[in-house]
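Labels for the chains are A, B and C, by order of writing; each one numbers its residues from 1.
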Amino acid sequence: MKRFNDLTDFDAQEIAGLLELAGRLERLPEPHALEGKVLSLLFLSPSLRTLASFQAAMARLGGGSFVISPEMSIHGLEARPGIVMDGAAAEHVREAVPVIASYGDAIGIRAFAERRDLDEDLADTEFENLVSLVDVPVINMESAIQHPCQSLADWKTLDDLGIPAEGGKFVLSWAYHPLALPLAVPAAAVRMASQRGMDVTVLRPPGFELPPPVMNQARRLAAASGGSVTETDDRREAMEGAHVIYAKSWSSTLHYGDRPGDQALREELLGWCVDEPWFEPAREDCRFMHCLPVRRGVVVADGILDGPRSVVVPQARNRMLAQMAVLYRMMKG
Amino acid sequence: MKRFNDLTDFDAQEIAGLLELAGRLERLPEPHALEGKVLSLLFLSPSLRTLASFQAAMARLGGGSFVISPEMSIHGLEARPGIVMDGAAAEHVREAVPVIASYGDAIGIRAFAERRDLDEDLADTEFENLVSLVDVPVINMESAIQHPCQSLADWKTLDDLGIPAEGGKFVLSWAYHPLALPLAVPAAAVRMASQRGMDVTVLRPPGFELPPPVMNQARRLAAASGGSVTETDDRREAMEGAHVIYAKSWSSTLHYGDRPGDQALREELLGWCVDEPWFEPAREDCRFMHCLPVRRGVVVADGILDGPRSVVVPQARNRMLAQMAVLYRMMKG
Amino acid sequence: MKRFNDLTDFDAQEIAGLLELAGRLERLPEPHALEGKVLSLLFLSPSLRTLASFQAAMARLGGGSFVISPEMSIHGLEARPGIVMDGAAAEHVREAVPVIASYGDAIGIRAFAERRDLDEDLADTEFENLVSLVDVPVINMESAIQHPCQSLADWKTLDDLGIPAEGGKFVLSWAYHPLALPLAVPAAAVRMASQRGMDVTVLRPPGFELPPPVMNQARRLAAASGGSVTETDDRREAMEGAHVIYAKSWSSTLHYGDRPGDQALREELLGWCVDEPWFEPAREDCRFMHCLPVRRGVVVADGILDGPRSVVVPQARNRMLAQMAVLYRMMKG
């Protein structure tokens, strides 16, 4: 495997193989599998789970890793092309990224969305520019529009819970958050559930529709897998018979890159905090998923997070296990 | 071992076993003992020795570790229960801590004292709240009132120096410092020396008495081990025949949580800087111990730190060796 | 090997042996060579390549490492001797450095130049003070006047490119940079090329002459190795027939420690940005080397860095390989 960037690059059988490997590596540890191997970890945005889970994953397989973030260079990293570097930044990504990559057998890169231009973010321009500088295998640790490690962990979580692919109802719901967050997680989640063959409903207020290219791709994936994709702003309709609600806040696509416009729309939506009444039309055992970090009392009520519906901790733990499978496939001779 | 939180949870024989193991792992390295094992390290307060010595300890045993501190999350970690997270903090410890723990085979947690309410700090409320979120084995890397890794290293240091348990005189002395520091180290030191069976004197100015629960526990430990515990503000009396002086500054217990009150009392005590004249009534070979970091010329004179009495560097090195024994017992199948 | 501080401590045969080992460890990995061994990494100045390449090097050889930088202690590290520590700093290097060293089988230390007094920097006073506190083997990870890891990597890079020692023409050129940078890299580069037996030209504007002790040492090395050393401010003369140009900015030695004086001189020299016309009198295949980080459009034109002359990425990768050889020699029983 030379590139783990988009879960839809892999077919259902390949994904099943990765998840089987993840399970096997948990049951039957292989602490020598990646001995002498090194994973370079480049974070251009902050991280907690990704930072911890990749380091733990490499250690469990007997390899090593190192972490680089911009504040470790003398004055941050410059990313703009063709610039005369007479300001604060002492280093350009055009040197830093290939060098960091050259110390590893693979590199993980995190680069968030710029959230200025929707088309640029949908094209993953910033991330692809970084990847073009690298000639070792690359793992996307979250970019403007991709988060394949989260998706693989989420798929495993659904499997672990015994939530069926065929006939399983997956609700991706927007939730309130004070800031305009990136689209990577909702886009990855809707693709993942569609690819898995689930009946997917995207529940979001007007102005927060997912971009047409994302929804169209999800519909194509559903058509191929036997699932379905619908979109609504009617909570009751969305939650009807749901097996799982996956909550996440994201930017207004109507006001993308326009913070005041986004903020004005968002301020009306404080009620979009997932709470027990939401679950009334759902299956009794409907689960709550979230990629974390999550704002308590804002995105979701304490009672849900602390109650039996929440699977956010095992979901986050699955990040490590899923990544172990990816690293094993990528680095083992 | 599921929990290394309080050295008094272990009897003298168990402690001897840990120290024997520490010595053996130094003489006969076992670089495969913890292969594929991971230690999660969570620092809610800054650290140097603990940070370095735990990473080194795991590496020497063939395992790995990762470090998380609050600034690695997007905007710090929220710890208050029931709060609506609409401020800066994007993540709550209720999610972060169990997730971080779930990536490891054990977790080390450092959480300093709040120093607002003495009873809360004596009950180790903040640390115990964090531990309740975790279901893997836990190591206390310093909390409001415990520092068992320091105590085990200190015990080993006394053994290494050949300072007798029976009849060995241990002076724990308050020293001047510009800030009101936590009680964990003095409480741990007085318990450790009492449990070891030494004749313990706590030397401190009025207003800096250790809390009664700490002193009472030390007296019970001394009664069981054949040691003794006394308290005084008379330096000459305290140092008479001492084998070792263990210096440390701590908050005024008379003005606990009241910074101006503490400061007013403290300002009169600049003379509590350990120096050669203190040792006149002590044994000629009386040693100087300190957990570090130490302020030169404030807590102790340069001449003592740079002279033959000081054992602060081997004492700090024993942190690594003691922790290797704990990790081995905790993680090895 | 107890000390890797100055490449000139090693003769040509020893250097050839290290580079042969570096090549062998790349071709035939030895992921168990340093199992259970620990490298302490102390950075008193920021780093990217050194930070990443040492961690990667240890992991490839099966060992571990940990990183300490001043912000990890409570309020920075104090380095001044004899000071009463009643200010912000809570820890002195006299305790911190031996403790950090004691957790490892070797220690790497980075301490930049103070750039106040040229003689002190040439004597490497700050670094030598730190080394005197340590009793494990020490690697200089860049000090006021040494950078042996860079030199060994540079030597390997020249070998890899097939640039001859005898008759190979090496140009060390000053370049513009907005800040007054240390002398370690240019001093190390001119020594390295002289020791390798090359014909070395130092190209620099008036006021930026390398210090006489550095040039005299280079001339002695060249005399022993069959090379030569010249100095000029005439670009055309310098570049005539060059195999390689090694660009680097450094402080004015005429105004050392005098920032306004340095700045006034420097402002006239914006034209010292390496670009294609520089290469006109050089060999057609003349290469461009730089230790990184490099300011694009300031030190060197984008076209050079992005074109076939530049070897800065393999040069930086050689840092890891060269350091693996040093670590192997230093730590393997």
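To be clear about the criterion, a contact is a pair of C-beta atoms (placed from the backbone, for glycine too) under 8 Å apart; a residue touches a chain by one contact, two chains touch by 3 or more.
Since the model is a prediction, treat every value here as computed from it, not as a measurement.
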Mutual neighbours - chains that touch chain B and chain C alike: A
Give a one-word verdict, same or different, on whether chain A and chain C use largely identical residue numbers at their interface, taking over half shared as same. different
Using the average of all C-alpha atoms in each chain as its centre, how far is it in Å between chain A and chain C? 40
Each of the following residues of chain B touches two or more other chains, namely 64
Which part of chain B faces chain C closely enough to touch in the complex? 29-32, 46-49, 51-53, 55-56, 58-62, 64, 178, 292-298, 302, 305-306, 312-314, 316-317, 320
Footprint of chain A on chain B - complex, ascending: 35-38, 40, 63-66, 68, 72-74, 78, 82-86, 90-92, 94-96, 98-100, 102-104
